[in-house]
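Same chain, two partners: chain A is paired with chain B first, then with chain C.
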Partner chain A sequence: MSSPTGAEEGFNRSASRQLALYGVFAVLGFTLLMFGLNFAAGLTSTQVGGVAGAVDVENNEITAYIRQDPPQLNTTGAADAISGIVLGHIMEGLLRYDEHGDIAPGLAESWELDGNRAIFHIRDNARWSNGQPITAHDFEFAWKTTLDPATASQYAFILYAIKNAAAVNAGELPLSEAGIRALDDHTLEVVLEQPIAYFDKMVAFTTYFPINEAFFRSTNGRYAADADTMIYSGPFKLTSWVRGASLRLEKNPYYWDHDRIRLDAVNFAYITEDTNTLLNLFKDGRIVLADLTAEMLEGAMQQRWILDRFMDGSVFFIDFNHRPGRVTGNLNLRKAMQLAQDGNELVDRVIKLPGYLPAKSLFPVWLKGVERTFQEEYPPPVPEYNVALAREYLEKAKQELGLAEIPPLVMLADTSPVATISAQYYQQVFRKNLGLELVIDQQIFGQRLAKMEAGDFDIVLSGWGPDYNDPLTFGDYYASWNLNNRGRYLNPELDAQVRIGQSSLDPRERMDAFGRIQQILFDDAVFIGNYERGKLYATDPRVKGIIRRAIGAETDFTAAYIDADGR
Partner chain B sequence: MWQYTLKRIFQGIITIWFIATATFVAMHSVPGDPLSSERATTPAIRANLEERYGLNKPILEQYALYIGSFLKGDFGISFTQRNRQVNDIIREHFPVSATLGILAVTFAALGGVLFGALTALYRNRLPDTIIMFLVILGISVPSFVFAALGQLLLVNINNLLGFSLLPVAGWGTVAHMLIPALVLGMSTMAYVTRLMRSSMLEIIHSDYIRTAKAKGLPAGRIFTRHELRNAILPVVTVLGPAIATITTGGFVVELVFAIPGLGRFFVQAVQQLDYTVIMGTTVFYGAFLVTMVILVDLLYGWIDPRVRVQ
Partner chain C sequence: MNEPLIPALTPEDFTPVHQREDVHGLSRPSRSYWQDAWWRLRRNRRALASLWIVVGLLAFALIGPLLWRVDPARQDIDQISQAPGADRSAVIVAPYQPWSGQPTAAAPVQEGVLRLGDVPTSQAVRLVWDALPGASGYRVYRNDYPIDAGMAFGLPIIDVMASGGGHYEDRLNLRPGTYYYSLVVLNEFGEITDRYETRQVEVPRVITEDEVRQRGLVPEEQALALGDTVYLAFHPLGTDYLGRDVLARLMSGARVSLFIGIVAPFLYVLLGVIYGSTAGFIGGRLDQLMMRFADFVVALPFLLFMILFQVVFGLGPGQSGIIPMMVALVLLQWPATARLVRGQILQIRQEAYISASRLLGAKTWYLVLRHMIPNTLGVVLVTLTFAVPNAIFTEAFLSFIGMGVAPPTASWGSMSNEGLATMLTHPHELMFPALFISLTVLAFNLLGDGLRDALDVRMRSVE
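Presenting the complex of A and B:
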């Protein structure tokens, strides 16, 4: 290249001046475009997206986030955790969970469980958010709608404890045959298939919430599609729902126990799963709480944030394929794998997420037993980490199976980051300690389930979360008739214990049965625990009384209040 | 010209049909379906669901029904958001993605042309070296890094100032738009800068510029009318597809800045195998992309009479 000549220099100067002018126009144009688009979108309201801070002392309201847009708020079908958080604020059933996770009266002021008959007495002052009384008919309608085959509810099975419910849902009996009847406006009678000890706990589940029939019909199939196509029975009412962006909950003045509710409004103003974003929003004072990951921990300590932790209820574990023809049906092979891994290493050294605990049992740490926690009353047997012994079992397994080498095993896993490192960890551990080859088959959630259903795996990194606060929600997982037992484990001895857990009314006898299930799963090496999922989170010091828990709404602001000088 | 336009539109329709068919086949050949959930469905519940969504019909009939309803402009109801029309999902969330996309592309085009012209003017001198270094960065660093860094920077600025200069995340006001749009447009801007620079360099050395200079045209006029206008042509070609990819590919930026755009619903749908939403959004995005490409081809003919097809 030649050095610029004088003429070229002059040309460049003139051209640069021109360019600078274009630059000014470009910035102006871009700004104008921004305002223009904003105007066109009609997004000028400041409500959306939340411009206010985390705590608004003046208006007595707080701002928080949710991870996803709630998939559906229609209680006949909603059962996911996100919808559960919102529904836990805006709806209430006959019974509810209090801040300690115990059953408390909700819209029913009292109830009687008598054999296979349950009677619920609904409060005189139970009101919908439009002022109309909530009656026993609203429950009868909601439950029968869920069971109606035309509704096609995915969660209808949670009502199957009720007499004829399964047959009604299958279309074999008319709706009127279901054992649900409003005796009068304030009395609901439920007839069960058989007496069950934990029915009161199931009744607190979202599928058991009421729906007003007249209102439901007036929405022409759009019930719960928007904030204004729903009426509310809970402490708050949904006043705005901008899909994917924000939800605003305001105190429901007709809620029977409205004196208990101290906040005037809760804004779920941000919807994202990105933990870094949430942390940034928390730092910026936009939201009242944020979950922390391992690398955020140190910073949080330095800032002296208020940290708390809770178990979200789910247990993750290795599940085996017990179908005939699978080598994993062999007890000694499973025993070898049970002994060849250290139960704490995955959580302590590999996942390293604060809040996670090693899963020692199918029955998680937070579950209640008769008086104390289940694990305190029935300490889970802990497998010793013994590679030499594991190898002996492996040899036995090879002999029994008549194999010189165990063929490579297919390990099915999700695609989440935690599932990925867990799968790689076990692949490494079993290769090193047993010389076993694992082929990792990572599938997105739905496809993983489909492959489990089809039996297309040897071992799978599986997980289970509770529906209600009773050990049975975990205890029947391996029952031979349970469709969730996708490894098709079959053990009449275990089945017998599950039946005791289902039908016995004596708490001690039931817990003993679950204790024996825990022992069987250990002896038979059916369950190798990975982790119990928990979360560490930081909260704004000005907000007190936030509840986070395994059962019911995962994050619960119904008991929260602002303490402006709290530090 | 008209004949050409019609031909392109016809080709576009074939392309969209192909996209729809390929998506349908791919979707149905992966294991699982939108009805599988963590809680195993009893045969009765599954039968009810299949009946409701028409999944119990033969696959060819389902295909025919899909294509039929597409022609009527109806994408059906989402499987996971059970009382939401796919049309509603697109109608509510695409404008957000589009707003972000238009801003990002505008930023990329304006910035790219400016910087490209600047580097060409000052070729092999300091401004050129600095800008081209940044361009390499812009092209090679993925947008989620820019997004995370941009957000972190904002938090620190806000903390330093003691008040919120710009919101860290969220959507709804002009203030929410700026940073996500810049982040999203960053790599395209870098790309356009490079393109503009090489295109300018080629033109600067061409005969007609020498002629223009020789006959004594004013420098400003040569620069604007002859150099810029000609150099911009290749940029216009990449802008059409860029609008489409930016608008459809904003998923990460939407996630980081908690923006309710369509990208999130599209990715979520694939993860949950939500058939109707996958089909709806894919076909919609496909149609959008095809339209953009056609528009750019026509625009190209308008800007440069030489490429006009007889």
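Presenting the complex of A and C:
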């Protein structure tokens, strides 16, 4: 290290002065740039004007979000929850669910269910969004299109209650043989395969919505591909659909009950599932509601947000692979695993969301029985958390299987945050209590279903949501013919009970059958209940009347209105 | 001018000069290149501090788990998302018993519609209420803050659709502290009305004797009685969202991070040195060809290759992506070193001492081993030190986006990812792993800087 000479020293001093000056300039420049950019951003967003705020009092419209782009809005095939939300606003069927979750008249002003024959009387003032009347022929056309083998609808089975529908769908009978007939423009006659007690509830499902034949043909196969290629029977019409970006719904002036609708427009301006993004949008006042995750609760309380909850109706459980050759086919192993976990702990200590309930049964708490709720009438048998007993069962299982140790089990789960922590929680619980090793296989939702279908798992974190408001929508899950029974559980005794639930007209007899199904599932340790999913969400205090429910459109703004003075 | 060109030589001129003894006497001890470098490095305070940090990190990863024997995957359900230094005391109570809904004898005597049905504990808070006129049902809310005029009641815990008096047992994630419970009247459609009652509840932390024994919180022989105070397991840096010990996870994460951070650069720098010196030494068309191939590798997108490697490796469930990550790093990161070394070799090849050595009959191998590699070693070592933080950061980044280790294995990146969700409410879960990543990357960078100053005299920054 050489000692600097006088000249060097002088140079060093001037250099450091210069450097300091540069530093000051840099900081100042950055600050200016920040303000400049912020200003510019403010300018552009007001110029575009589309992203004003969650509530536009002047134009009487609100802005919300939707989790994904709707996969399809063609009612012959759409059956997912996202499409259901949009369709619930823009379409209406013969009957609908009202704001209290009860069946109410929709386009049909009255109906008669008489044995295996149902008659629907369609309103005189039912109109499509282009002003044409909605007739019984539109329903006949829509349902027959769904059943047409050429349409290849994945949800055609929901129409199988109708006479010959299954055979028509399989191509064994011509379309004209299906039991659907428009007697005149305002009368629709449906003949059922056998009397069904809950047919009125099924009719409110999206697959039963009407389609105008002339319009359908005019789109040359592009029906419901975008906002222009659809006409609407519901309270709103879709005026813009930018794929993957936004949807805009405006009030449909031709809707028969348009006085009921108090909003002029609903913007689904954001399509994202990211909960943090949604939280920030809500914080900035860009959307009227946002679902919260457990980590956000403390912050939400601190911000004094108005919080609400609803059960989305679905039940989540650990499904076993019952295929031959899998160790999970062993009853004692399943029983051991059932007893070695405590459902309350998962919900109260790990998931920590107030909306969630421990799943005691395949039949969720909100299902109605004969008079009271199903669970009140048929209290579910609950496995008692008992590690010692669980270990006894495990020993028995090892003996029966002839194994010294149970090989590591593959646990399939999807990538949602709750599935992730549940999987890690169970991995640890079964290791600690039973010495079982679980290998977690996390896959995106679609891939999880594909792997379940292929039987490529030992246990899976699975779930089931209702299609209609009847216990059967859960009761037939483990029926041997149900393709959703992806663990391939097979039990003729259970199948027999499902048949009773499907065909009986006596509510008591049906509920008894579901009660027995509940017992069989418990005795056979067919699954381990995890939780019933609830959602906790924050709402903008200026918007009232937002409905969130298990059956029908999950988020429903048709009864919402703006109360500008609302705090 | 007239002097002859060649001076007249006498035979004396051809006698050997007598050897002088004094020339071998050096005033200071001779130092080798490495000794010199070490001396320079030690003079650099920043580099020395960084060196100690690196040594400390290695000790943290390798010796730490021997001293802090906590399983990084063990979940302490009693202490979830616990900040460091939080109160750990708990009072022993009887095991949880299901509750009939009738107020117990121990329940505090209270006025009002909404009352406690039992002594509140972190096991359960039991509420009972009387019927309110006009109610079809009730919704119970729980809040961390007092209810103000805005009617923000906090978390809606449960809806009870029964018009009469009722009861509810709250067991949801109870932590010691103060809660404000509200009972809001629901109308016949289950919609909330503006009629409500609130009650403030102090919740102490409790634990049962069984749980104390199970978790080994007290010595086996110690007798316990109801009402005794015990201390829960100690977590010096708190716990994460599943109640896992953050310190233990940081240690096991350090192993993953440092393994990737040291092994991968070592391998790809080695590959780069071999490749670059071959190209540089042979030169000519082969050199051109090899360097164009290196350019091609530089152009490959790293992230895309990571994903492809994961696919090709056929990673099964629960397998961690460490090996593919390493393969991708080695296969894609070597060209920088190769270029550097080639440049060095090309330069050294032209040096006079190489020609001299060659003239004296040195073989190729001797040249390479004696002259070329030792002369590039300084540059290589500097590259290696800069490659380490780079690799650690890459690992953290990949684990952060979920392409690294599989649960329950921890790595600093995956811990940061998990901590991100609770950043606002439990910042320690993000802060510690982030701090470790930053510290490691900074230490290795400063050390690399110091090494460059010490080893590579030409590249030294003037201070």
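Keep this in mind: the second predicted complex is superposed on the first by the 515 of 567 C-alpha atoms of A that agree within 3 Å, B and C clash if a C-alpha of one lies under 4 Å from a C-alpha of the other, contacts with A are read in each partner's own complex, and residues count from 1 in each chain.
One rule holds in what follows: contacts are C-beta pairs under 8 Å (C-beta built on N, C-alpha and C of every residue); 3 or more make two chains touch, one makes a residue touch a chain.
Note that the structure is a prediction, hence the values are computed from the model and not measured.
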Most chain A residues touched (candidates chain B, chain C): B
Which of chain B and chain C A:560 touches, first, second, both or neither: neither
Contacts of A:486 with chain B and chain C, given as first, second, both or neither: first
Touched partner set for A:269, first chain B, second chain C, both or neither: first
Partner chain(s) touched by A:410 [first = chain B, second = chain C, both, neither]: second
On chain A, positions contacted by chain B and by chain C: 1, 276
Of all residues in chain A, those that touch chain B in their complex: 1, 10-12, 14-19, 22-23, 26, 29-30, 33-35, 37-38, 41, 43-51, 65, 68-69, 71-72, 74, 77, 79, 149-157, 166, 169-171, 221-225, 242-245, 269-274, 276-277, 280-281, 283-284, 286, 443-451, 453-454, 456, 463-465, 482-484, 486
Complex interface listing, chain C residues touching chain A: 43, 73-75, 77, 80, 142-145, 148, 150-159, 171-173, 189-190, 241-242, 316-318, 406-408, 421-422, 424-426
Touching residues on chain A, where the partner in the complex is chain C: 1, 99-100, 276, 293-295, 297-299, 301-302, 304-309, 344-345, 347-350, 352, 354-355, 410-412, 417, 420-421, 423-425, 427-428, 439-442, 536, 567
In the complex with chain A, residue positions of chain B that touch it: 30-45, 47-49, 51-53, 80-84, 89, 92-93, 95-96, 99, 102-103, 106-107, 110-111, 113-114, 117-118, 121-124, 148, 151-152, 154-155, 158-159, 164, 167-174, 176-178, 181, 213, 218-220, 222-224, 227, 255-258, 260-261, 264-265, 268, 270-273
